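Next, two complexes with chain A in common: one pairs it with chain B, the other with chain C.
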Partner chain A sequence: MSLAWKEGTTAFQDSQKARYIQPDQFIGSAFTSYRVVVPQNDSSWVRILEERLNELTSLPTGWDGYRGKPVSFQCAYFVANMLERLYQPNVPAPSLVPGSDGSLQVEWHRNMFDVELDVLDAQNIVATRVNCKTDDERVIEIENDFSEIVDWITALSSKKPHIVRT
Partner chain B sequence: MAAQPYDEDDLIDVDILIRRVNPKQHVVFDENTGKKRTSSKLFSPSSGPNDGMSVDIQKLIENDGVNVQDFVSTPTFTGSVFFDVNSARNAGLMVGYDPIVGNPYHGEVWGSSKPNRFTKSQKRALINSSAWLVEIPGVDIGG
Partner chain C sequence: MNKRPENLPDFTLPPLDEVVIGVQFEPSGNYSSIHAKDIWELFKGQGYPTPQEQPALDPSFETFGGLNPQPGINFKFGPPILHSRFWFISPDKNHLVQFQPDRFLINWRNRPEINPYPRFETIAESFEECLKALHKFFDRSLQSQLEINQAEVTYINIIPVNNLSCIREWLRFTNLDQIDLEGVNFNFSEAIKTGSGKPYARMSYSLQSVTSEDGKMNALKLTLTFRGKPEGTGIAEAMEFAFFGRSKIVTRFTELTTDKAHKQWNRKQ
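Now for the complex of A and B:
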């Protein structure tokens, strides 16, 4: 088996300046994977989700039974950085659900809340929170101000009291 | 590229639309209920300007003499849910034909004000009117 490689777009950079590399052609092997390197993070969320992010950026075209694309590197990179900033130690890592268009939804369902961050693209997020007890719903569109989302995530913790910002 | 959004007159209210479910990608664990369920992302359109939510149109499959469950289960281990056109229209959505390479029975569900955006209540309407066609064991239809 031999592989011919070409450098693709840098998705993540670490101290070794690792690059996302996509195969140009391959002979003999049906296996193709795309690796996302997430550098220098302290967040257990991102460490836990690194393999999942790699999987999502490697999805085959048509993964959804239609014309589904893999999650874009731009989106995955943005999500990893976003999770790094939103990390709270008493809240477990979220589920990641791909969209057919390369987008990525980050979601938690716990403590009687549903929190969904639908990352359509970098700095283009539709955030939804549903209170499962009251059915109250809040939907906000975010570019880069996550201040309200921080409160939402705090409320997902079962070990901390829910502090309402005044 | 998706067809221009429109509402197809030939699709009547009782016609069935099928939405395929990838059991590895579309299913999440809901700690609030203690159960696995489909994510709301399953009932989301794509974000391109004319993009909607892909579906298979059952009557087109049947008219060609093709087995519906077999067709929507390709590739293998793909689940699917179904709902009727009436449910989509009652939610304020449009439904049209959009044949694509490899799937002449493909259609799209579009938002009415923004084709590529469904409100949460529209997604809920689709979820509440959906049932399993090819069930994924142990998974509820949710979102």
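Now for the complex of A and C:
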């Protein structure tokens, strides 16, 4: 065996090209009522946020004119991972705002809701939603499970949510 | 050394090809490439004398929730990576330590002509020793704490088969007798939850058909990875996570494979 596969943690596995025969991946479905989840890399979220994440991970120390820390690569990766989970096609991309402590705030202000996900560090989020009509505020702490805020994101949609069966 | 759980299924001849134990941690702001030689010195004397430089792995976090079981978009971004990943390889080339500023892993691979499978406990013991050495280095030389945020265990099994159509003889979850199988590429996953239903780890399964380099032999490559966030950021919690992950992997592997296969692999319990 050669020590050729360098992309994953399973370092000793041989080069996929050299060793494996794999069929083409299936990307269609016979059942039109079901949605096949294929990453939409042409979506506005990807177009807008990739550029923004590139900017944020390239910030110099003192970027705010004081002692502002740059957004760490791990924190930005975690935010990207979170946004990949929260993505809904009818919701516009959020704003990404760096904090001087190296944190990253993800914000939507839409449909009379303010939703702010303050990512203090990877797996350390304070999520806030304010209903601007009623002034009701809800704050929750999240590590890695975003189930509780899916409805918050759905409420920002430009269309009524449809049932997704997978 | 940790003892193997008594009720865990056990095979004398498991079809294991590679085992990985690893952690991801917050990188130290004080680390620079100049420290790489010191890191090598840590592991050189512990049986990993041969260094190799590799491209770094991206950070990775297991997350849960969202409308889709799989992410609907995929971001690719980031400045050019400053640091490398280093491999430190044992003289028999069976064992490998991997280090990069935010990752540490140990790999064992099967080369039965050289050494038999040392069993998970032995690999885990080496991993813990090396991780403790790294922890000390972070503390003393980098004035930083090693704060672990993800841990993983991976078992890769290679199951030789005469032809792919007999897949059912090995794996319980396949019944493809009507199909003259040309190839297999199958992935699935499950969220692992705490008693209160909170997900904290993911078990990923991958099944692929593979062929030997000379093209003469077919095999099924069954990979089980247990990855997620340990209960705390210390080494003890990461080890607890790894041992639990191993138990889960072995249990699931036994559930997914057939009695006939177990006989072939000499199941003891």
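Keep this in mind: the second predicted complex is superposed on the first by the 114 of 166 C-alpha atoms of A that agree within 3 Å, B and C clash if a C-alpha of one lies under 4 Å from a C-alpha of the other, contacts with A are read in each partner's own complex, and residues count from 1 in each chain.
Operating definition for what follows: contacts are C-beta pairs under 8 Å (C-beta built on N, C-alpha and C of every residue); 3 or more make two chains touch, one makes a residue touch a chain.
Note that the structure is predicted; figures quoted are calculated from it, not measured.
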Contacts of A:146 with chain B and chain C, given as first, second, both or neither: second
Which of chain B and chain C A:132 touches, first, second, both or neither: first
Chain C versus chain B, contacts on chain A by residue: C
Partner chain(s) touched by A:67 [first = chain B, second = chain C, both, neither]: first
Touched partner set for A:98, first chain B, second chain C, both or neither: first
Chain B versus chain C as contact partner of A:86, first or second or both or neither: second
Overlapping contact positions on chain A, where the chain C interface meets the chain B interface: 121
Chain B to chain A touching residues, read off their complex: 20, 22, 25-26, 28-33, 39-42, 44, 46-48, 51, 54, 72, 75, 78, 80, 100, 103, 106, 120
Residues of chain C defined as touching chain A within the complex: 17-18, 20, 22, 26-27, 52, 54-55, 57-79, 87, 89, 93, 96, 98, 102-103, 105, 107, 109, 111, 149, 152, 154, 156, 182-185, 198-200, 208-213, 221, 223, 228-229
Parts of chain A lying in touch with chain B, wherever the complex brings them together: 59, 63-67, 95, 97-101, 103, 105, 107, 109-114, 116, 118, 120-121, 128, 130, 132, 137, 139
Chain C-touching residues of chain A, taken from the complex the two chains share: 1, 3, 6-14, 18-23, 25, 37, 39-41, 43, 45-46, 49-50, 53-54, 57-58, 72-74, 76-78, 80-89, 121-123, 143-150, 154, 164, 166
